[in-house]
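Here the structure is laid out as structure tokens; the discussion comes afterwards.
Here the chain labels run A, B, C and D in written order, and each chain numbers its own residues starting at 1.
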Amino acid sequence: MIPIVVLAVLGVGFAVFSIIAGSLAGPKRFNKAKLESYECGIEPSPQAFRGHRFPVKYYLTAMLFIVFDIEIIFLYPWAVAFNKLGMFGLVEMILFILAVFVVYAYVWRRGGLEWD
Amino acid sequence: MTSTTHYVAATGVFHLTFLLVLLPTVGAAVLLLGGRRTNPWGHLLGCAMPILSFVIGVIEFVALIGRDGGQSRQLDQHLWSWVPAGSFHANVNLLLDPLSLVFVLLITGVGSLIHVYSVGYMEHDPDRRRFFGELNLFVAAMLLLVLADNYLVLYVGWEGVGLASYLLIGFWSHKPSAAVAAKKAFLVNRVGDVGLSLAIMLMFTTFGTFAFDGIFNGAASGHAHSGTMTAIGLLLLLGACGKSAQAPLQSWLLDAMEGPTPVSALIHAATMVTAGVYLVARSAAIYDVAPHARVAVEVVGAVTLVMGAIIGCAYDDIKKVLAASTMSQIGYMMLAVGIGPGAYAIGILHLLTHGFFKANMFLSAGSVMHGNNDEVNMRRYGGLRKVMPVTFACFSFGYLAIIGMIPFSGFFSKDKIIEAALDKGGFEGGFLGTIAIVGAGLTAFYMTRLMAMTFFGVKRWPKDVHPHDAPRVMLIPMAILAFGSLVAGYLLILGGSLQHFLTPAVGGSVEVGAHTISPVVLSLITLAVVAGGVTSAWYLVARKPIPAEPPTYVTPATKAARASLYGDAFNEGVFMRPGAYLTRALVFFDNRGVDGLVNGLAALVGGTSARFRRLQTGFVRSYALSMLAGALALTATLVLVRVG
Amino acid sequence: MSDFHSPSIAYTALAPMLCIGAAAIVGVLIDAFVPRALRWSAQIAAALLGLVGALIAVAVLAGTHTVTADTALSIDGPTLFLQGTIAVLGIGSVLLVADRSPALDGGAFAAQAASTPGSADERAGIQAGRIQTEVFPLLMFAVLGMMIFPASNDLLVLFVSLEVLSLPLYLLCGLARRRRLLSQEAAVKYFLLGAFSSAFFLYGLALLYGYAGTVSLSGIQAATLTGQHNDTLLFLGLGLLSVGMLFKIGAAPFHNWVPDVYHGAPTPITAFMASATKVAAFGALLRVFYVSFAGLGWEWRPAAWGVAILTMVVGSLFAVTQTDVKRMLAYSSVAHAGFILVGVIALNRSGLSGSLFYLLTYSLTTVGAFGVLTLVRDPDGEATHLSRWAGLGRRSPVIGSVFALFLLALAGIPLTSGFTGKFAVFSAGVSGGATPLVIVGVITSAIAAFFYIRVIVMMFFAEPVADGPIVATPGGATAASIAMAVAVTIVLGVFPQPILDMANHAAPFYH
Amino acid sequence: MRVDYYLYLSAVLFTIGAVGVLVRRNAIVVFMCIELMLNAVNLSLVTFARMDGNLDGQIIAFFVMVVAAAEVVIGLAIIMSIFRSRRSASVDNANLLKY
């Protein structure tokens, strides 16, 4: 028990120390590149609208991600119990994925996946 | 009534019963939905339908007379199954028995005459077709009401006549007063309707059926709790009060006079307003086991009969006087049906004779108005007997009938009621009898006043008015009704024929042994009181000139006018000052108290609504708050009920 | 953990729901693959086919009693009755939605929901004659949720179907072509409050799960019978669960959204919400209370009485001073929810069948009434303000009389379906020992009659306004929808017996 | 270890969410509060599943998450559209429909 507590204290202490020390010790010289969003060194595109609003495209993409991401929640338990579920589970899951694909087709055909 | 009620299936000519209702319905549908195309012949169709119904009614009457007495005269025509409620099925059935047949004849007979009269009366109205359509709708609904064999169908007719009455009061909707009157009639009637619908619910839960026979047999068996029966009786009475303009729901009737006069004659004098009497008479079996409710009926009848008569003394508007008198006369009928076994038939008898003479007087009043540029103020009439001789003659018949002069019809029916009231014996009988006699005196007073102000004295109409008798199409129905006012009494009373005829429906007359006062003596007393009323009215009203304006409105400028005013104010006081105060108090009560109550209720609803609708703020967060509060209250109640 | 066994699924018994689901998915595919010119008609065809198919399936299934999908769904009399009702309402609403005749200025829906109101984008969309065909799949998904809702035999399916029916409705509310700010506001309000109420529902579900260890309705019933569990959990859960369902039926004090949302939403969608949503939600409410909590009647009745009385009073009282016809009908739907609650509280067989019948009559009349609303138009859209309706009955007697008929039916005047329905529910209430409630019901109906009649008086007795609204000649679809409502309103008033018998045979629940 | 503390925590979270709905003006924040309520319920569900020793609660929590995700998508779309036409996401500004 005690080693765990010690480890935790050390970990938290180190994190707090690094943040505080960094902000105290580091030089404060800002330029454009430093203030920009970090996108693996690529110029972020497109720019945020007048400095504080992002185009709706980001929203759309994020929403599509959430919707398609959430199907995993059903795939995962099914995969875990795949052996027990047998044929029935397979058929149901195929139906489920087909239904998701219908929506995918809709999004694709109506231009939801195009950036511009 | 100890015998069980049992209806036999309709056969032969009685299969036509449904046509009674169907014909006017078709008429109404064609006229109301047909649009302008039906304008040229609409009124003819409108007249034809009730006349045809009347013919069928007469045929069935003859056929019914031909049958053996008793239960074979109660015929049930099954049309279709309507509402299956639980295990029981409410049917749309029509019941043809003596009671309903009497009403059928009254409604279609008087109704036909009034339809014919309206052809002339409404001749220049652009909406005459709609008028006939709505009148036909009324006849259909009223026939359904009286022909129903269960309370549910009766309720349909009840709502139907209410609707038609509402439409017809507001027929001249361009007049704001008519629209207000229609609204008031609607509101007051809703109060009564709630009573009736609750009564029906209660009967259904008590007896498990809506049918008359089932309920009456159940009531007669005496299994039901007496408190329940009293409650049913009182709720039915509430419904009857609303429809029949009985205290305390009487106030709408005076305002209803805003409708065209034929409507006042048919709906607000002869037929619809008697529906309450019909309801009580029909529910005789219920009142037989609910003595307390019966007393309430008597009291309502007695109160209204005096109240209506006193109010009748106060108005200068000829139609309103007649309306007040209608209230009063229906009070007599209520009193009669409240007295109970043996008197039901008398109440119905008075209802019939009243149907004749009151319709007659309304139509005559319509004729007077017709000839006086629609003037209703009696102070602007005077001396009309010379220029409108036929109208005067007809009205006189009605007048003599209503004050109960021998040998006019009112004498027979009203005397019988007074007799029946006194025969109850004891304090109750004496009290009710006295009230009925006083009412007869008051009736004589205000009717004489009306006659004197309208037909006698000097002419007071403006120069540009040229009073004249109405066209023949209006006079003939008036004459027929006037004739009816004279003879209806004999025909109905001859050898107790009506009572005998009605026995299967409302029970036979019960002879009370000795009369409290010998009928002859009683008749003489009543006649003396009536003569007193006539004389005092003549002395107080007709002897002196009548100012063209009612006293309160006269400016104090002219001394001479003032002098005559004081006299007039004095004369107006029925029996000196106390009477005057009483009159005014009652009129005040009627205008402010009851109206105030009704308007107050409406204002309460409207005001509450206007205030609380501000709760709907439009803010999502306040809605969420109300939901959260609701959720807390709901769960708290659930948990507390469990704990507590 | 027990061994898994495949649940048996009676696909035939699910046919009505499968039909609707298929139609919805086909609708999505149509939007994806069919060329723009054909989309609209293809969508209508798919939606109507699905609904008619569901109706036929319901008719074929009549008399089925089965619990399927491992006790998740119960296909029994009430379910089929309600599914049939919903299918009919769906047909009526789809017809209203489908009407894009020029007289209606191109239908009720926005050319492009995403474009900002008043923007050039929006004008361009309208000029190009663009239309949002997604309305139909959304509608069908909502219908699917409504079909499953009353069939749900466990709380989880109940929750999921509640959301399936709600989510498309949130969107549909915001799609009005005119007065878009109102429409969007309605959508936001409906969404936020709807999600709020779902959270309550869900918490109730969780507590009941904690109480019974299961979410199946029969399981919960069994747990209540043993009485060996934690009662606090039970009643807290029951209360919170009820909040979610009472919200959907629009019962006070959870009714605040009703007038705002009904007012702001496109009228065909209002018609759909006021009718079908109410039917589905009452179906679920009835099932939950009749199956799981019937044995606790004495415990939940006081609260239910309070809600019913409040609902009736609030609905009819607030409607009295409304000056907008659409809003007035919204409050009237609140009052009607109260009347139906009387049948729910009766907690007996006739209460169930009475409520089912009432739902049918009320909802069809409502579809018709809102259908008429779409026809009375000013240059800038529907003329819903009461003053604009003055003298309408004189200028166009047919539409005036039809609307008067619907109002009379809503007021419960005899010989219309509304009377029969009210009668069925109230008599059930009396036999179920709720006489005081019925008295309140009768009195509030009397108040309610006042404002219905007021509109009729306005239409027929008032002088027509000078530049009054135009009464559009309905396109075939709207006319068909309204005609259906008229026919049902009259027939169920005069010859209600066959349908009443059906409702009687539909009861009780099978679980 | 007592599991019922999680129930209390869940109730507290639920309440915080409900109160947040009432006091916050920004539609997005209101919506986040509703999500908090849903997730508080999830905590309850998982706790009850643990107490009863069956998995139903956890499966239900999955379903709740899916529904919540769908709700997010729809809700944000609606809030976005009203924000674009009104330039404000305050729920108090959306106040045309009342009385």
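Throughout what follows, contacts are C-beta pairs under 8 Å (C-beta built on N, C-alpha and C of every residue); 3 or more make two chains touch, one makes a residue touch a chain.
Given the structure is predicted, the values throughout are model-derived calculations rather than measurements.
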Under the touch definition above, the chains in contact with both chain C and chain D are A, B
Comparing A-C with B-C, the busier interface by C-beta pairs is B-C
Between the Cα centroids of chain B and chain C the separation in whole angstrom comes to 44
Separation of the C-alpha centres, chain A versus chain C, in whole Å, is 39
Between chain A and chain B, the Cα-mean centres are separated in Å by 81
Whole-angstrom distance, CA centroid of chain A to CA centroid of chain D, is 20
Where chain C touches two or more other chains at once, the residues are 188-189, 192, 196, 259-260
Listed in rising order, chain D residues that touch 2 or more other chains are 18, 21, 30, 70, 77, 91, 94-98
Check: chain B positions touching at least 2 other chains come out as 613, 616, 618, 620, 624
Chain-chain contacts, ordered by label, are A-C, A-D, B-C, B-D, C-D
Residue set of chain A touching chain D in the complex reads 56, 59, 63, 66-67, 69-70, 73-74, 77
The residues of chain B that touch chain D in their complex are 613-614, 616-621, 624-625, 628
Chain A partner, complex, touching residues on chain C are 3-4, 6-7, 25, 28-29, 31-33
As the complex stands, chain D meets chain C at residues 7, 10, 14, 17-18, 21, 27, 30-31, 34, 37-38, 40-41, 44-45, 47-48, 51-52, 54-57, 60, 63-64, 67, 70-71, 74-75, 77-79, 81-82, 84-86, 91, 94-98
Listed in rising order, the residues of chain C that touch chain B in the complex are 188-189, 192-193, 196-197, 200, 231-232, 235-236, 238-240, 242-243, 247, 252-254, 256-257, 259-260, 299-300, 302-303, 306-307, 314, 317-322, 350, 397, 401, 413-415, 420, 423-424, 426-427, 430-431, 435, 438-439, 442-443, 446-447, 449-450, 453, 457, 461-463, 494-497, 500-501, 504
